[in-house]
Amino acid sequence: MDSTKLHELLQAVRSGDVSPDEAVSRLRHMPFEDLGFARIDHHRRVRSGMPEVIFSQGKTPAQVSKIFKHMAAQGGNVLATRATPEHFRAVKKIVRKSEYRELARAIVLKQDPTAYGKGTIVVISAGTSDIPVAEEALVTAEIMGNEVAHLYDVGVAGIHRLLAGREVMEKARVIIVCAGMEGALPSVVGGLARVPVIAVPTSVGYGASFDGLAALLGMLNSCASNVSVVNIDNGFGAGYVASMINRL
Amino acid sequence: MDSTKLHELLQAVRSGDVSPDEAVSRLRHMPFEDLGFARIDHHRRVRSGMPEVIFSQGKTPAQVSKIFKHMAAQGGNVLATRATPEHFRAVKKIVRKSEYRELARAIVLKQDPTAYGKGTIVVISAGTSDIPVAEEALVTAEIMGNEVAHLYDVGVAGIHRLLAGREVMEKARVIIVCAGMEGALPSVVGGLARVPVIAVPTSVGYGASFDGLAALLGMLNSCASNVSVVNIDNGFGAGYVASMINRL
Amino acid sequence: MDSTKLHELLQAVRSGDVSPDEAVSRLRHMPFEDLGFARIDHHRRVRSGMPEVIFSQGKTPAQVSKIFKHMAAQGGNVLATRATPEHFRAVKKIVRKSEYRELARAIVLKQDPTAYGKGTIVVISAGTSDIPVAEEALVTAEIMGNEVAHLYDVGVAGIHRLLAGREVMEKARVIIVCAGMEGALPSVVGGLARVPVIAVPTSVGYGASFDGLAALLGMLNSCASNVSVVNIDNGFGAGYVASMINRL
Amino acid sequence: MDSTKLHELLQAVRSGDVSPDEAVSRLRHMPFEDLGFARIDHHRRVRSGMPEVIFSQGKTPAQVSKIFKHMAAQGGNVLATRATPEHFRAVKKIVRKSEYRELARAIVLKQDPTAYGKGTIVVISAGTSDIPVAEEALVTAEIMGNEVAHLYDVGVAGIHRLLAGREVMEKARVIIVCAGMEGALPSVVGGLARVPVIAVPTSVGYGASFDGLAALLGMLNSCASNVSVVNIDNGFGAGYVASMINRL
Amino acid sequence: MDSTKLHELLQAVRSGDVSPDEAVSRLRHMPFEDLGFARIDHHRRVRSGMPEVIFSQGKTPAQVSKIFKHMAAQGGNVLATRATPEHFRAVKKIVRKSEYRELARAIVLKQDPTAYGKGTIVVISAGTSDIPVAEEALVTAEIMGNEVAHLYDVGVAGIHRLLAGREVMEKARVIIVCAGMEGALPSVVGGLARVPVIAVPTSVGYGASFDGLAALLGMLNSCASNVSVVNIDNGFGAGYVASMINRL
Amino acid sequence: MDSTKLHELLQAVRSGDVSPDEAVSRLRHMPFEDLGFARIDHHRRVRSGMPEVIFSQGKTPAQVSKIFKHMAAQGGNVLATRATPEHFRAVKKIVRKSEYRELARAIVLKQDPTAYGKGTIVVISAGTSDIPVAEEALVTAEIMGNEVAHLYDVGVAGIHRLLAGREVMEKARVIIVCAGMEGALPSVVGGLARVPVIAVPTSVGYGASFDGLAALLGMLNSCASNVSVVNIDNGFGAGYVASMINRL
Amino acid sequence: MDSTKLHELLQAVRSGDVSPDEAVSRLRHMPFEDLGFARIDHHRRVRSGMPEVIFSQGKTPAQVSKIFKHMAAQGGNVLATRATPEHFRAVKKIVRKSEYRELARAIVLKQDPTAYGKGTIVVISAGTSDIPVAEEALVTAEIMGNEVAHLYDVGVAGIHRLLAGREVMEKARVIIVCAGMEGALPSVVGGLARVPVIAVPTSVGYGASFDGLAALLGMLNSCASNVSVVNIDNGFGAGYVASMINRL
Amino acid sequence: MDSTKLHELLQAVRSGDVSPDEAVSRLRHMPFEDLGFARIDHHRRVRSGMPEVIFSQGKTPAQVSKIFKHMAAQGGNVLATRATPEHFRAVKKIVRKSEYRELARAIVLKQDPTAYGKGTIVVISAGTSDIPVAEEALVTAEIMGNEVAHLYDVGVAGIHRLLAGREVMEKARVIIVCAGMEGALPSVVGGLARVPVIAVPTSVGYGASFDGLAALLGMLNSCASNVSVVNIDNGFGAGYVASMINRL
């Protein structure tokens, strides 16, 4: 039962064709969705500057480009994560203004220049191998309308490098920290910063890093209280959470 | 070398008693802390309304009451988590205005009535057994100067109960979701809400819940993008992160 | 907005006090629950012979007896699982007709004699230590209105004992198999039977049984295709699933 | 000793050539199988509409096609799971009426049109990546003689989509739910439905999904009591269990 | 149908009262057990010198003494493992000749002096904390009729102690090695010995020993090819396997 | 210091050129190996019919053929496990009498026809996919001079097939059981047999089999006391242990 | 055969009573230990200042005091780790000069004042809860004859506290770092220091710390190259390794 | 603010252009790094003979050769670990004096012949498959200016081989032990040696070795007190730690 049918029902109540009792009974079995809540959801996404997002991994270039085109037509920004150069070539043919962020493995289309975020999101990474995840977070934050800055290769074994970057850190309204191996960086950053820190464990490492498990456990046990954690290698999720916070 | 000593050194430079070269050399070996950064930290905590916090577990009632008294003297709010009634009795004798929040297993002292948070923090829990963790989050948020509200016993197996609570959820600027067993609630809440969701896995469950591991993994893999996670049973951490976000 | 309010709204539509447009708008914001779905749920549970269930573990005797009394007043059967003799003493004082099933660690109240199940549910256990879990499944099935039978201590290392019990097995419309240690029994039973088998791993064992993990993994990997699995020690869940199947 | 030999032995008893004592002794060492039980098994499978099934993974196209042909000759339905297009090409050459269900990665041969199931089996999946597992379940149920329906891409982060599909769900006599990542969908479906729910964790996800472990643990800890679980990615098993239930 | 009934049936065949065809049909449904196989099992255990065994853990003193008495009446040896002094006091009252082996936590009754084993079983332990498990293995081997010897506290970090015990080792027909912590001893013993080595990981250790997991994995990965492994702390199992080998 | 040097030293003692004190001192630093123990080891291996063994995995065809040739020259049997057809082609060129056992992925050279084993080793496998591991065990036992027999595809879900093979089982002096998935077969076989059972978990399975972990844990928790276990997929180890037992 | 017997044998060779050939043969079977190597070991321990050590956990006060007395008689230092006050009371009665280090849970007897270490061993701990493990390391280092210093409660979330302690750190020849939770401190210390760092994960934490596993994995994955790790809570091991290094 | 700027500031203080108060304020915000600490770090590395190190895995040949060239220009030794022949070809073109150590998978450039280490570092490996890791440790130690020796293929199942190598072991000031499978070798070596032992678990093995986890746990639980552990396959880390110790 959609809005039209609801109108008809209520008209029938008004005209006396349907009794209020009967109408109550019919309404009780009316599917939730058809009241229009879901439709509002879809509209709200675009209006609010949330990008449409495609997780490209496991999809063919043809599939990604088809979805991308469809999303681009909504008028908002579009983001395709975990995209290969092959994915991009297919998208580029159809959506000429799309760009490829190689480090982030992301395809982006910027159609909405609005600055939705109130402050700067700073992305910090421990090692150079963590950069793809960090860049995914950065691109996500950017495409969602935030000022961004970054501080890379400031692992805890050379703490002076991190301290040297304090000025950048102090500009942040939200901080994202990406680290593999022992995943210690969010604790140190969390201790230095006065803002929320989103920690992203990466699968960088070998042996007892167990594909990011060591970093994940480290971050969950952070002795800094302003740290919360997302899934291993989930740069997108971190960028999304940070953006949502930065809009508050 | 603290600020006083730094002043003296600079005065000596001015007076010519110490050459600039010599001063550079002395400054190079100057401990970081003594420049006053750390002391500022301590002051800032109190000034900013962050409560002083004691993790009571593993401490004797005598230890907790002694630390509590010391902290109370700073003039800000004080919070002791994981506190037993025995802990409270010891504290109560010394700090008469302290109160015990039984469900939260927390001792609180409210001395600072300032509202630091800009909106409401809503705490949601899946089952009645998750309430101690949820209450710890709630009390933490409250003692840090936030409006709080809660919605308990709205597990995903009875989704209508959660939907019935939408009104409460929509008031939230930040949401905390506590759940044990399969830990599915943050995904559902994350999908319904437009604000950051802090997920707290609890150790509620048995068998293959593996003391909260199942809930933890579930939350880390949430298909809702606005969810980040803290440690198992870490209600305090969730309340702290949420408070920090709510001040932005 | 509950049914009464819905009636009032529809009367207002009929009388012309509220336009259909206005009514659509109000209905769109109407909370789901208040349409009465949830209340119907509660009613349906009792009408359908599903017992009201209390998970007693972690609750005080006073809490359990209070909830039990409340549930007993609904008129259907009541089941309290993981109940100690202390729990029972408290319940017995208030609900005189309640009984304690010691092996199953369950308190039951039978008020509804209806046979909801169409066939017999047979509960099989591997060792004598698995009997508490098996009995919990049995009592659950019984209190939900099923014919039940059992076959205990028929572990796979003495396969002739199981084969000797084939007659009992062949009476089953649904079979529940409880086993700890290597958890092999469901595969053997699944191979012999032509009906759905619900496997319950138990935490019986030591060392590399890892509190039921070995049995759980064994059952999930069963080479018999008619086996599905519930949580470790979850006799109640198995009894519930089996009952639901037996009503079809 | 098969039936013929048993007859001969009994004839010899009748004729007095073999004494009853001697016959008892010989019978005691008589292999179980040769009494014909096993042979009945094979016959019963075909007569009962259970399909013959091949697990193609790890087998060559030649092996699969040879077994397929042999099974097809029994006259019942045949199902080859985890089959590649290469497997199908080999089968197609020999069994012309065989079909390839690409999404399900299954080769099917329908020779028996009997409807063995009494109601409809509904297959629900959380995300589009879970569809191969869901389709394997669907095809299995179909080839075993059941009415089937499905509801795909109704993950818990967009709960309105699931609620919109309630009508389909309510037709079900048995429900199969396939979900990766946090595996929360079976709990929500289990709470909404009044029928047995078979949960299939899928290996969809990354990082802390640990190849389906997160979803598996989530489902085992489901707070909905009518849920039982099969192995990760075991769409076939779920379809088989559901079919067995639907015949009751 | 037991032997008597089988005789009656065959007599009826002989007399012509039952046709061979009818007899075949009846035999086909005859339960396996009743042919007497299982009864033979029970008899064989006693005749063969295998002790009757009780796993005392989780049983009350009354239960253990009752079972013990029943088993003692069969005339063979009896062994109760994981028995406390309380268990023993209860048994002693009823079976006066029973003895308590304190180190092994075992109650034994020797009624059968037969030497079933052909050679000596040598039990080796790494540390003094492994002795309870080693003694359980030793007592099991002894009560099953084997010559036994032992070599304790010969861990791999003092390899000369083990080498000094070579003489004892060389007397062995089968060797049992019990070790916790890193579980390295079976590899060294396996390399020195020319006989089968049964390795028993013990739960001795702390931290990353994970209750015996480290030792278990170490033993399963032994670079000595003559090593096989039983469950953590399963001294009884090792003694049983070794005894079975020693009878060959 | 080898035997020759030892002789020279003792001659010098006899002649008085070296004092007994000096000789004691020199002997104390004498390397263990040079006393000839190790050399005896190498000789003993060949004399005793233990085959020389090469683990081919990770070695080039050239490396395997070179080692194989060297070992063949010792005159005993030679076994190369985990060998590919490429490995075999390289070996065949140099050692013409070598043979490839395709199912077992093994290259063998039989030069020593002696029957070292006293009885028959029976190898049992649960499924057809377990056959490579079972064949590796079989070939190992054979090349070590044992009578062998096998019973394949007798998984526990079709228990009658196993029971039908009892005759083969009863010929065994030692039994090897290979099974993946739930690894239940050794428990059933262990319960039926009166001889030592060596269990080999295989990595056959998917999802929650976790590459053989489920089968491994199942076997370690076997409720049959005559079962001991080797590493996942370690057919060679099982064959070796069984051979060592069969020589006793 | 000990040294005396060896002398006798050589005298017999000299006198001609035993031929060199016969002597070679006898020597070949001579047990390794009896050549005196092991006895030298025992002597060397005392002479070298290595303390005699007792792991008290799991031992009775009577056992500990008996062993302690025996060891004290050797004249060197004695250390009993994991000792309770009860253990100490028993020891104190017999060895009057023994002392109890409460924080370290250690009983010590200092009889040997020699400074075996060449520099200072600095023990650093992250939180106050890590102090028992840190003190165990400190006492071990001290009793083995080292200068010691410590720096406690300098966790990474307050990095300025650690930096303020640089002066202490720079005095170190070897550093021991004890940390629970995320175990990040060794990486930071390792990056600041130019000396070997021994990392000790502690079981301090809750939830996803999994009793020290998170800290252990973090330390094994340290991005600082001068870090090596010992077992969880193994303060003694760290103190021992550090002492051995400090003697070089 | 670097040293120059610091000089200028102090000159301005002296000249009276900047007041001491203003100078204190500016100094308080002065970045740590710019005080010159970090620069000293970089210089110190080269001066101290620590090699510059590249982790080649995951880098392109072009990237590795570019970094290598840059590092070579500093004048010290250079080490590239986990390097393929392709990496080497690219480096060789640019840095002619570079060499490839094939077994160690390392590219080295020796420009600094200084012997920084005081004694010999001995590298021991259990099996031939552990040699790549052992060689990485060896090359690292060598390039850091140490005397090195090795002892390969001395696994614990043939303990005489290890004992035969005691002479080599006794020359060591530090020992590195590399072992996969059960990882037992460090315990045996630790028991024989009087020097620090660095244990390196390798991922050599299969099945229950779980890619080095078994060896790692074994080594962490070593019963020899002089053993500390680095990450799985981390030959470089072991060489680095050992070198640091050997310089003391």
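Worth a mention:
Labels for the chains are A, B, C, D, E, F, G and H, by order of writing; each one numbers its residues from 1.
By definition in this document, contacts are C-beta pairs under 8 Å (C-beta built on N, C-alpha and C of every residue); 3 or more make two chains touch, one makes a residue touch a chain.
Computed from a predicted model, the values in this text were never measured in an experiment.
The chains that touch subunit A as well as subunit E are C, D, G, H.
Distance between Cα centroids is largest for the pairing of subunit C with H. Note on chain placement: the centre of subunit B and the centre of subunit D lie 50 Å apart, centres being C-alpha means. One finds 55 Å separating the Cα centroids of subunit C and subunit G. Look at where the CA atoms of subunit B average out and do the same for subunit G: the two points lie 39 Å apart. Shared interface positions of subunit A, defined as residues touching 2 or more other chains, are 32, 37, 158, 163, 207-209, 213, 216, 220-221, 225, 231-232. Contact between chains, per the stated criterion, is found for A-B, A-C, A-D, A-G, A-H, B-C, B-D, B-G, B-H, C-D, C-E, C-F, D-E, D-F, E-F, E-G, E-H, F-G, F-H, G-H. For subunit C in complex with subunit B, the touching residues are 31-34, 37-38, 41, 57-58, 201, 203, 211-213, 216, 231-234. Of all residues in subunit D, those touching subunit E in their complex are 3, 6-7, 10-11, 13-14, 16, 20-21, 23-24, 27-28, 32, 35-37.
Listed in rising order, the residues of subunit H touching subunit F in the complex are 129, 158, 160-161, 163-164, 166-167, 206-209.
Within the complex, the subunit E residues that touch subunit H are 126-127, 155-159, 163, 181-184, 187-188, 190-192, 205, 207-210, 213-215, 217-225.
Residues 44, 48, 53, 118-119, 173-174, 194-196, 198, 216, 220-221, 225-232, 236-238, 240-241, 244-246, 248 of subunit C are the ones that touch subunit D when the two sit in their complex.
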